[in-house]
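Below, chain A partners chain B and then partners chain C, in two separate complexes.
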Partner chain A sequence: MNIFLSLITALTLATPLVAQADTTQPAAGSTGQQNAAEKGLAIAKDRKQRDLGWGNSEARMTMTLRNSQGEESVREIRLKSLEVVDDGDKGLTIFDEPRDVKGTAFLNFSHTGKPDEQWLYLPALKRVKRIASRNKSGPFMGSEFAYEDMSSFELEKYSFTYLREETLNGVVCHVVEQIPTDEFSGYTKQIVWLDTEHLRAQQVEFYDRKKSLLKTLSFSDYKLYKDKFWRADVLTMVNHQNGKSTVLNTSELRFDTGLTDADFNDATLSRVR
Partner chain B sequence: MKTLWLNTILRYPWILLLLLLALAFGASVGGKNLYFRGDYKVFFSQDYAPLQDFEEMQRIFNKNDNISVLVVPQNGDVFTNENLTLLAELTKEAWQTPFSSRVDSVVNFQHTWSEYDDMIVEDLVQNPQDLSAADLQRIRNIAFNEPNLNGGLVAEDGRAAIVNITVQIPDATETKDNTAEVIQVVDFVKGLTDELSSRYPQAAFYHTGVIPMNYSFATEGQKDMETLVPAMLGLIVLMLAVMLRSVLAMLATVVVLVLTISVTMGLGGWLGFFLSTGTINVPIVVMTLAVADCVHLVASAQFAMREGRSRSEAIGFALDLNLMPVFITSATTAVGFLTLVLSESPVLADFGILSAIGVMVAFVLSVTLLPVLLLILPVRVKVSPEHHGGMEKFAGWVVRHQRTLLPVTALLMLIFGSFVTLNVVNDESTKYFAKGTDFRDSVDIQEEYLSGTETIDWALYSGEAQGVNAPEFIAKTEAFAEWLRQQPEVDHVTTLSDTFKRLNKNMHGDDESYYRIPQDRELAAQYLLLYEMSLPYGLDLNNQLNVDKSSTRLTSTLKNLGSKEIVELEDRARAWFAENAAGIRLAAASPSLMFSHIGETNMDSMIVSMIAALILISALLVVALRSVRLGAISLIPNLGPALVGFGIWGLISGEINLGLSIVASMTLGIIVDDTVHFLAKYKRARDDGKDAEAAVRYAFSSVGRALLITTVVLVAGFSMLAFSAFRLNSDMGLATALIIFIALLVDFFFLPAFLLRLDKNNQAHCNTPHKQQELKTETHPASTLTGETL
Partner chain C sequence: MKRLITTTLQCSALIALSVHSNSSASAGLMPDLALQGAFEGRQFLQEAQFPQQKDSVLSVWAEPELVWEWGETQRLTFKPFYRYDSADDERSHGDIRELMWLTYGYSWEVRAGIGKVFWGVTESLHLVDVINQTDLVEAPDGEEKLGQPMVHATWLHDVGTLEAFILPGFRERTFAGENGRLRSALRVSADGEYQSAEEKEHLDWALRWSRSFELGESPLDLSAAWFQGTARDPFLTPQITLTGSGPQITGLTPYYPLQRQLGITAQATVDAWLWKLEVLRRDYDEHMVDNLKALGVAGVQDHSAAVGGFEYTLVGPFAERWDSALDVGLLLEYQYDQRGNDAAMAQNDVFAATRLAFNDADSSEILAGITQDLDYSGSRGIMLEASTRLTDFTTLKVNGWIFMADDNDDALAYSLRQDDYIELSLNIFY
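And now, the complex of A and B:
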């Protein structure tokens, strides 16, 4: 699964496996916490159901980083994604810009029952290195997106609670809280706004370890692919604590490009162009 | 005008009282607008270049305002199961600190190593309670060999460690203070370490860093307000009771003093001033100066009552006598304070303006409210002329010994004055707080166990995107870091070049021979990408790299130095850079640097302020004394005390910090009062046709005692500031008290001898055609008392 697409789905999907009520968070118009958890799950389940069967895809993206001084930096990447049934998805990220890391390729296997696996091909060293780190919350290429924000979402990683219905930018949304279950997560919770019509993520708030609002991610320019799958072209992450922001822009997205499992292994990593 | 005023007071005291109280109340209400800014940045104006450099660097890289917890275990070794467990717990809990964005310690240091084709990135210390002796030894070795840790987060001998918490507190602005956030952060961390120390009694905890420094600015300033102001008021009540010998007169004076303070601060509030460590001492200064005004008036009234006049007659007499002199001395004092607006540091300018307002408020209230209160209160004085004759005897002694006094005092002034050169401009921000305050003690302990607490951040701009990956750039960064490490002022340097070297080693199977800069920029860039992908939340490199990786920030920890040494180090670094790394732009910034530079630039502005004060005050004197000649003569007793005072300061301290820089301008306005009083009386006697000797005797007998008493009050008041835990205030108070005391000595020993010498061949000084209105005194026995004249 494309790591960026998974970002979108990650924040919105759920399975009953990890369903548990958040004992501290009452639901709006509460009919009980049990109810809020069930409703949160139901929405996530529904959302997941709607996104099943996308198969594989290839995308071109630019990432624009800004700091509060006004400095700007652009990264360009290509992404190949493969949907894996009954396990986490597979993703291959190829870096085109900045020039110094051109040709660097990042392979990621998400898993449902064990830690993700990651490899990085370094063309300058002509070697594939496995990243043996449990840390997933650091910045992705120095941006305000954490690797964790973009790694393939696995349902075990969150518990869900339905909070309320709310209109955001004129769109009626379900507001759902997601609590990461991974102790190495950089977040204590995420609050997700999903439009009630298509269950597309409109906004996500990320709360840090001390439960303060850290970042807000906004989705815009949604497009419909294969008459079924909604994807946002523009993702904007704003860090409220350091004043930096990152905009992730999809310039090209194609489904059914013929990718197979054979395109996603550490041997193919060194051959990607 | 004056008569009208007098009559109004005498006829309608109650109406006036109510009117004044209403006005005072209206002004005091402004106090609700006052707020306290504990932020150390109050010392710098928004357009102050070193502040802008600092804030720019904070925007380009992440902010690095910090609170460091220094942990000193009793057993002298942090590398034990128990002590590492303590550090791990502290590191984990520190993430809960409000506004924190990262926590760095030896525990969560991202140790990297390789295994086959794996790059492993993990916390250096994991499960500390279960570590074996061999594990502990391994961790110790890694820590000692890692330049980012050794001498930075762990003492070189392992006796102490630091957990450094970086916070992102919103910057204080004109409208939004951040003191509450600072206090929130420090209270949280102190609560955390208090809790830990109850469970780990084997270790001591200390707090240093920018945030605790800010906290100290906020809390020590407020402590001063809570302790020194009441203490000062108590001292004044005591002094007044002794000097005025009347409880009611003392009470009336205290009412005036309290109202003077509340009106001054209230007006400050209406005018949009805020309180800070720099302005917190305004109440003490204003109170001290107001006492002098009141004493003159009350003493004159009491004198008249002793002579048998009725209370209202006596008060009329006192007002008539004192209105103009008190006005002139208040005006000169206010002018002295006002020249502080030229200060480079906005809070010092605020201090000057607020004090000037206070001095004028004190004048107004002491010639309105005070006489009204004295009229209303049943103040009684026994009719019994008081006699001392002490001043007359002293005058005689001075006249007799004039030939010896003049050269001896002149010589003493020259000798002490020459020590002025021993002073150097020096601001040591860590030593702004007295020993015994938490912050200062923590700073001293950190210096003893680990490192100084001053820092300079250096930004190296390559000028091209991704430029930090170029081996030449890394090599220059490394060379610069090495150069810094060799400087005697530097305790520790954190640099990205060390990270590059370590990664290169890791990528070559941990082969030590690869502990060097990667040979090409693609390699460097890709190592960095790999490394950054592996780092956990909050421990990224964004505090060392900007967004397009065109520049990197080095952090150097320095010994606790004075501003001079810090500026010298900066200059040397820039020189080294110009010679060895010409293509790279270097910027330097830090709170230490800001304080270091403000001392120098402020001193320049204060020299201008001093000259302005001197010219303005001398002009006022010429007008007041109606004599250019006396105005010129007054220059010596006006300038001499500051010269001698700073000479003595050179002997006892020699350090001119921000607090000291304002002393010369400020004291000039105060000590000039003594000269005015003395010269006015002298001139009056001369105008009346007396010879110089008789004029000197007259001057002593009429104002000698008043000068003595006001000097005692002023010296006591400013000495009170010496008890401030904040050194800018304590040094300022001490030096001011010293100079005011010297001013009295100069006026008593040098000035009369000087006048006698100058006027020797000048027996009959011509009468000035117009009689002096302002400084006129009633003819009364030239014996006498406190403040009977101006």
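And now, the complex of A and C:
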């Protein structure tokens, strides 16, 4: 039975750490803790606000897993995403390769006030299985991305602190600390670099439960969609502790493809293809 | 050669047609083709109970899948299956797993053809799952199913998801043949008998409702299903032959009665816990019950049964100490059947298992468990399922079973006690 466990994930990669907006002025001189928190939240709100209204999208992606010896393993996935007003977004991931998981589908509802909901459809058994929401820190398809890395960016999921302004790879960035509010998160904190011009995530550092640097996620090849929404084509996650890395490469991304709520339903998951 | 040319011409014609009908990217008459198959070797670890049975068995199967799509909302899926088995003629068999036309709109789906439907939430037993017949020669856990002819309509409504099934055409359960392992001492005939005068043509039907509720912050999934028609679980009646020394039981005949069944499932998902319950109520016609009882068939009575328990997942328990992404699932389920220990296998049994998900690039996984009978303390089954990916198009699986039974009264378990096996399977995907 069980082709592979309760762990496949994916999701609304479309909204995640990728967003933009204009922001308040960089901090001049020292600010108090209160100010740093207010400013961090203001930037996050701005970032979220500027990404509202993207609607729905369909993406085709290649995920390349690389171990510390440089051996590669490739997955092909398609990701359908639906923006949900006043709650987290919905995502449907369909696996095309490797062939043994072809047709497997993963449905995710991100939520703001309660745990995310997840289902897995196993085509050989024609069975839809609900997945325990607790394993958000688990790896997605054996990659260096965890479930929670791919969930949609929601203000309720973190408390924010503005740290500093810094130039990263020639881009002027706000550096913001995000502390997950969920006790089941695999991280104690995330440090996010957002470019000051568009508030697009350029880099994220993830710190594990021992507060050591675990992973770094880099974003590149940003493209503008519908004249408003920035999406990075290439996401590279490097795990500093085990030497593995995962590159998530978007080969095709389309918006307004006619997806509705009915396409994101555990009762209709068996027709997904 | 002539045949090849004809085929080539047909293909060309199909390509030409598909180009003409190319109204959208996915439309066309050329199907999307996928193929999977496997080479399997089974080694039985104990001496066979019957002289015809083999200890080593090789088996190979293939299951192509062809899918045609018209526009966005119409699809035809064809999935034939064939297995060749070196030892058992009954296990060498073919089936149409799926030949299904599907169309759907915003809040509805209609399927017509042959297909498979799964109902249920528990892992050790699928009590309420009644639409498809079990393809028992495939695996002793009964997870493999035969394709069932059906019309299946789904309606997404505010009160929940409503489904209706019309099921014409009955499929008989498969049983191991003379040379096959995993069988009872008395052979089960391939030809069943029916309560209904219409036999296989009796029209069965089912209705189902399912819905998710919120229990605090946690989802609670409920379903209820009614099924009316020929039972998928046969009773085995004795074949009596008159010999020189008098009447003797020489075999068993599957008898498929009519039944009415209510099945209810519930699952609560709370943090790392999945709490699961399946409850079944099954009723028969009184005169059928009397007739079979007169023949001495055990367990023929209206009855209730249930299976319930939990799956708890430890996420990355070794992540910090050994840098391992391993997740450990712990499963515990209790099985109950009102008919008691002379009629049912899962009447007072506990299932305990662990699921290890390595979360590696090869999706390696192990499920190992034990089912212990609480009435017959010597009856238990131990199972192992392990799988890993070898390449982008091959996986390796290891399945094993150990059956233990020391009491002849626990007849079914006792009949399997010499059939422990380990199976190695190379699965190929294209």
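To be clear about the criterion, the second predicted complex is superposed on the first by the 242 of 273 C-alpha atoms of A that agree within 3 Å, B and C clash if a C-alpha of one lies under 4 Å from a C-alpha of the other, contacts with A are read in each partner's own complex, and residues count from 1 in each chain.
Keep in mind that, in the parts below, a residue touches a chain if its C-beta (ideal position, glycine included) is under 8 Å from a C-beta of that chain, and two chains touch if they have at least 3 such contacts.
As the structure is a prediction and not an experimental result, all values here were calculated from the model.
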| item | value |
| --- | --- |
| Touching partner for A:F95 - first (chain B), second (chain C), both, neither | first |
| Partner chain in contact with A:R271 - chain B first, chain C second, else both or neither | second |
| Contacts of A:R130 with chain B and chain C, given as first, second, both or neither | both |
| Chain B versus chain C as contact partner of A:A262, first or second or both or neither | second |
| Which superposed partner A:G142 touches (first chain B, second chain C, both, neither) | both |
| Which superposed partner A:K114 touches (first chain B, second chain C, both, neither) | second |
| Chain B versus chain C as contact partner of A:K223, first or second or both or neither | neither |
| Which superposed partner A:R254 touches (first chain B, second chain C, both, neither) | neither |
| Partner chain in contact with A:T104 - chain B first, chain C second, else both or neither | first |
| Residues of chain A contacting chain B in one complex and chain C in the other | 65, 67, 73, 98-101, 125, 127, 130, 132-135, 137-139, 141-142, 184, 186, 208-210, 241-242 |
| Complex contact set, residues of chain B against chain A | 56, 59-60, 62-63, 95-101, 115, 117-122, 168, 465-466, 469, 507, 520-527, 529-530, 532-542, 545-549 |
| Touching residues on chain A, where the partner in the complex is chain B | 65-69, 71-73, 95, 98-101, 104, 106, 118, 120, 122-125, 127-142, 146-148, 184-187, 208-210, 212, 241-244 |
| Residues of chain A touching chain C in the complex | 1-7, 65, 67, 73-74, 97-102, 113-115, 117, 125-127, 130, 132-135, 137-139, 141-142, 184, 186, 208-210, 241-242, 260, 262, 265-268, 271, 273 |
| Complex contact set, residues of chain C against chain A | 34, 36, 67, 75, 102, 104, 106-107, 109, 115-118, 141, 143, 154, 156, 161, 210, 212, 217-219, 221, 267, 269, 271-274, 311, 313, 315-316, 320, 323, 325, 327, 329, 355, 357, 359-363, 365, 367, 385, 387, 389, 392-393, 395, 427, 429-430 |
